[in-house]
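Here come two complexes built around subunit A, the first alongside subunit B, the second alongside subunit C.
Showing the complex of A and B:
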């Protein structure tokens, strides 16, 4: 465990230090002929993200840097407030993974107060969180990610008849009825697209990378993708209603309180339960009849890159890992961490059996699961715009002060990250001195390696039906596939959860809230909420004194994935996933955004808070007994 | 609580609520009708910005017939507080909506309003409206990244100079010379970006609590010195659509109103459209009778909670909050915070994180819950109840329409 993984061999890093010989707009060329390009804004994500990549003469990414360019300061803002109100505020960290920060903060308080919530409350929270996964993953795949695979313009050349046959083929492979199957349906959608393309102004599709060779689908497959993109706009609206049924609204539900939930009327209303199930049923049908078949389709089309070891991070000069050579393009670190999610019984936090397991898998070694030691989580600010000691600190220990050192501005106004210094508002979290990846793929890997039978069944089913090797999962498209497999797994499980809720209510249990003596428990306590967001491991830590929050810290999935280099050059998941990848056309960052999108960035979440007045912040003294 | 806050609360409950005039007399409406008609005729003369598809055709594609569409138009007319005779104009305005280019800008945001836009619930045709306005730039949705994305915005600004609506989501950090937020290859600060892109907009629409009044980043101690758009953009028609997130019906309502009249809708002193923010949550709350009867939820999950009693004592700020949630609800009318027994946190009001968003009643709020009946509260709340009820009935048509459609689909 102590062995260090991904580090830069500094002696070789000439590319970034060589003087630029040509500087033009968003890129510059150095003496080695390497292009250093800026991609800002990265679109189709939550938040403000910049990627800079160094691309060599063979069009291979040899270095990459990830930077967040915005922050707000929510951790400072919740200090000195009533802990019962903090969940609503931290939820506003993100409107996309909406509700998940809410639950983590509420759980941190419940952990501090030693409250075990009633069964109904646990089930309602699981349903709200499950609905979020379904909604979020679907919107991510179709509306934030699909245009990296699907060429909208090429879809105009498809033969609708052949498209229907093609759609049937992939649905058959997935083992489900296709969501859209009629020739006339595909024809109508195509006519719509043709009209749209003909008039020139493409709105949100404008200036896309249409025609780039990195689009590998056939015209018919592209038309399937476009058809599902449009249909998914409808489906997501319905899926969001599942959260609203028990949460009041989406985005930003409101029914969760410290001690339980407030929607006691809704759980006893059979019409509510019925509507929930109806939407769940329709949503699941679309997931099985469109989302999964499209993953089989994309997985097959991109299998070559996904299993091309020469494009893997570990094949590059950024070595030092124990990688088992299972990764391809976009695979990145191959070390995965998950905190676990969805409690399945009422024994309480961190005791209950959970749907997603907790653990770490290192360096692609699928034979061993490591237990998480919470004291080994640290954060470093060597390359982040904060003052620090230079050594990684425990996230709850010490002070955090801003130290914005800006970008290097050129005369023509273009600005580059100072990558040797500080270059992001995101901190650099480490586990035992190493970078790890979090997210749906991490959850699938951790569950799989933990021996979870359900996960094995779903993953093996996918591999068997697609005929793809397991190595395909350790890549850009594999990350995307992991998310889809997880979505199906959750959707199937939610039928049981909603039935369990209905049955429990029918048995006469209407309890939704656990009473507690606020004055007593809030005098001096601390707790943490550690579970998963759709994007990966999410932790909130809170210290409470005299009824007020005296300290609050969050380490979120995109902090783990999008963080800049560590103190010894440890490379984060985004940067590692980009390095080694070949690009078709350095002028068009299609491969870059595809890989970045495969992580589903949520950058507003990832940015740590600073107290801009330079006051002491985040003096969350670590008490080892608190964290375990 | 500071004296200042006490004063503002007292003021709230002693002054008249925003005046919502539902009947301005025949001559007023005749004039407005003629004006709208003229405006629509003008729009029809314009070359379409994007003739992607025929609107009515696309409605049919969605399985809606013309009758359904007119029903929707009628509900929307009521929501906009216009007489029923305006229904054909509203329908026509919807058809013409593709002529309004929209640039959507995200600053210190959480994308919650973008997500809300995706849930747009102009009954059944939300996605069509999305499709049909000319959405020129929207970071969360657009295909292009990097310099291709920047180019897309520059082109739109140039091409639609003086014609585009600029929607802004998120607050504007002014601390540290604006460097708490930058965008683009030139690392332009958010504040400079906003100033530049708003310059050539026809009107600016601030969407959500952050863009309107600073929202969560501006909550005490406001670490980044965040402000709302109205503190930066001057000399432009500006509309605030607050709430966290803003209700997509209100976003669509503003666009429709603009297409219909060429003007921004009538606004209150906080620049909120009166059609949406003209009355309090409390005025049309489904639990209002329990307030009047003195029946309250005393703690979460109690007998009161099981019986849908009033949430005032567990912190509901519906009496202080101007918004139309109690009528149009969220997610196609499926539910709303008071519906799930939580209570309103006042999210459409300035500084609500510091003033309202907690699960206790306001100290010294000076609200005396009437125990003997309804009447007394009317004056006490400075509420034009009859007017509000009238609007309520009209707007309720929209909600019932949604509910009706659901029943037809067997969802209710």
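Showing the complex of A and C:
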């Protein structure tokens, strides 16, 4: 979605004694023609994210910096707790992935205690998480991202009859029946938009960059997008309920415990199983009849940018050792990592076959999958507002000691990130000293390169039906397409999982919990919950001593993606995705917002939180946009 | 005015000191007053997208949260949806304010959207990572209870005490020390 209310400042890139001159909303350019675009905040959900992009005189982004300006955190608050209860606190890290954090903490404890949960528990957990993916991805696309592609106001000019034809066309391409097909339906929606525009009641649509040349859809395609946006509000309501059928409640599910799950009554209740399947069926119909056709539509309309190698990170001076030159605007690092998730058998953590594979693909080399060596995962704070210990730390031994050094207020009145020093509350995660991207596209790439037949079928189906080359996936629109393909894959698989659960229960297996001797296993142990969240790889690491948590660290997806530079200047995933992109209008940085939104940023859960006394943090308390 | 379905939702993260006051408030009402057939009480914490479901499914949604308005600790204000959107400079500072405002904006374009009323209390500290409340904010919680009960009455919901007499100290302690066996009490 166009981040309608984001504060946008464009300022000179170097200090100058010349008075700032307001010129069409941004300051006079410097001698080199470079300007800083500051978008802050860029995410409206779960916190604050600031992007500083340096653009040259041709409006191409030549450098970019991602900063979380909001201090959040968790780690120390769970120390000295009973490890069995840690999930109940860590679930509050994030309002969207509540249940995922809850489960990761519980899995870290189960790993520490060497517990293998029963089959019913595994399937229930898969269903709860699968429901979250469906809900999260759908809401992300339609309500947080679609309007980066869809021009709402342009939809008022659409011909409803032609819109119905257009909707059928994209549904046909996807191979499904359209979610909305009637001329009268499109006309009614268009009338509502026109009424809202006339009354000035566009709400969240009110401050969009409507009319920007970076919007590529036709009026009819825009009307389809808005119609699906509204319909998705109804669908998401039911998908949220689906999470609670086995989760106990939403938010803050409570049915997962160390050793298994507690919803033994629900899995024996045919009505609960039937309700789950009914919502799943309706949600899947919308995914196939609206979400996927819209991705085909957007992918086709934005294919030029997505395949324009001149706008890719690898085309810039930052290329470094990057190998394959694939993708286009927004492609970024081309290095991907997934921890894997959704176990498909009962052989235990990190041994079971999984729906999402575990591995790393480096530098766009689609011929080779690398195994993850967990000891190579570290966090660095060279450019983060924390005291360092001299070297990147593995999360088992991670420390979180804040050291806020502020921003640089210049003569022009703006506050800039000190990008050569510390500039973010997010730490900088590294794998073997390298930056990697995590998330739905990373999962699809890792699965594809791993040779997963299911993934190959879905990805190749998308490419074949759309007529788009595989390189289109390594871009902003490709990241968004990867999420949609993944959503369809999960939805289809969940029918099998819920049937498998019902069949297993019917066979007489009612086991949902594995007993363990807490005193014995909690004396001195450590474990990790490393799997996936909708936004990407999520890890909780825990040390347990004498029945209490002695150390806890979490590295969440947005930390991997939104983190600042590494110790040797390694560029982060958000930053790399922006570099090379050409901006149509610096006053309306739609391309920046579109690319960042394609990652589905969630900043509250990205920033480490400690119990600090550092009251200099009040700087953001007073003004979270950091525009002092 | 009478509504068929009213949701009372406490917003805010209990890990950030006074930010959890909305969660404590709704739990206090849930534990100390008799259930009402038209009222659903939700400890929402940072609800995220799920807030949209309540906006869409209830006729009246009363949100209780910490607020960012300047003023004395304990100052209480009440705004409807239009006022929340209009006053974005004072209702978009913290993560949960941004969240609840954005969800209103998203849902406001949908034909089915309940009436939203946001009651906020000015906290002393929402920075420190700590369960519990500052003494100054805690002392003002009775005022927040009264403001909430009054808004419920305005919505046709009159609650009767159940005689439990469970104080905020005990409620805060429960939130700070959740246990699997008593979660959801």
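Simple rule for what comes next: the second predicted complex is superposed on the first by the 566 of 628 C-alpha atoms of A that agree within 3 Å, B and C clash if a C-alpha of one lies under 4 Å from a C-alpha of the other, contacts with A are read in each partner's own complex, and residues count from 1 in each chain.
In this section, contacts are C-beta pairs under 8 Å (C-beta built on N, C-alpha and C of every residue); 3 or more make two chains touch, one makes a residue touch a chain.
Predicted, not measured: the structure shown is a model, and the values here were computed from it.
Student: Check subunit A with both subunit B and subunit C modelled on it and let me know: fit or clash.
Tutor: With subunit A as the common anchor, subunit B and subunit C collide in the superposed model.
Student: Answer with first, second, both or neither: which of subunit B and subunit C does A:289 touch in the superposed model?
Tutor: A:289: touches no partner chain.
Student: In the superposed arrangement, does A:85 touch subunit B (first), subunit C (second), both or neither?
Tutor: both
Student: For A:406 in the superposed arrangement: first (subunit B), second (subunit C), both or neither?
Tutor: A:406: touches subunit B, not subunit C.
Student: Looking at the overlay, does A:359 come into contact with subunit B only (first), subunit C only (second), both, or neither?
Tutor: neither
Student: Between subunit B and subunit C, pick out the one touching the greater number of residues of subunit A.
Tutor: Residues of subunit A touched, subunit B against subunit C: more for B.
Student: Going by the contact rule set out at the top, does A:593 touch subunit B (first), subunit C (second), both, or neither?
Tutor: first
Student: State whether A:240 touches subunit B only (first), subunit C only (second), both chains, or neither.
Tutor: Both: A:240 reaches subunit B and subunit C.
Student: Looking at A:98 after the superposition, I want to know if it touches subunit B, subunit C, both of them or none. Which is it: first, second, both, neither?
Tutor: In the superposition, A:98 touches subunit B and subunit C alike.
Student: Given the superposition on chain A, at which of 37-45, 181-189, 199-207 or 289-297 does subunit B overlap subunit C?
Tutor: The one stretch of subunit B in steric conflict with subunit C is 199-207.
Student: Would you tell me the residues on subunit A in contact with subunit B in one complex that are also in contact with subunit C in the other?
Tutor: Shared contact residues on subunit A: 41, 44-48, 70-74, 76-77, 82, 84-85, 88-89, 92, 94-96, 98, 139, 143, 192, 196, 201, 203-205, 230, 233-234, 236-237, 240-241, 248-252, 254, 257, 604, 609-613.
Student: Residue numbers of subunit A touching subunit C in their complex, please.
Tutor: On the subunit A side, the touching residues are 5, 41, 44-48, 70-74, 76-77, 82, 84-85, 88-89, 92, 94-96, 98, 135-136, 139, 143, 192, 196, 201-205, 230, 233-234, 236-237, 240-241, 248-252, 254, 257, 603-604, 609-613, 615, 617-618, 621, 624.
Student: Residues of subunit C touching subunit A in their complex?
Tutor: 13-16, 43-50, 52-53, 56-57, 85, 88, 92-96, 98-99, 102, 104-111, 126-131, 177-180, 183-184
Student: Which residues, counting only subunit B, touch subunit A once they are in their complex?
Tutor: Interface residues on the subunit B side: 48-53, 58, 61, 106-116, 118-119, 121, 126-127, 130, 134-152, 155, 171, 173, 175-176, 179-187, 190, 215-217, 219-226, 244-245, 299-301, 305-306, 308, 329-332, 334-342, 345, 353, 357-359, 410-412.
Student: In the complex, go through subunit A and note every residue touching subunit B.
Tutor: Contact set of subunit A toward subunit B: 25-26, 37-48, 69-74, 76-77, 82, 84-85, 88-89, 92-96, 98, 139, 143-144, 147, 152, 188, 192, 195-196, 199, 201, 203-209, 230, 233-234, 236-237, 240-241, 244-255, 257, 259-260, 262-266, 268, 271, 275, 278, 402, 404, 406-407, 409, 413-415, 510-513, 515, 588-589, 593, 604, 609-613.
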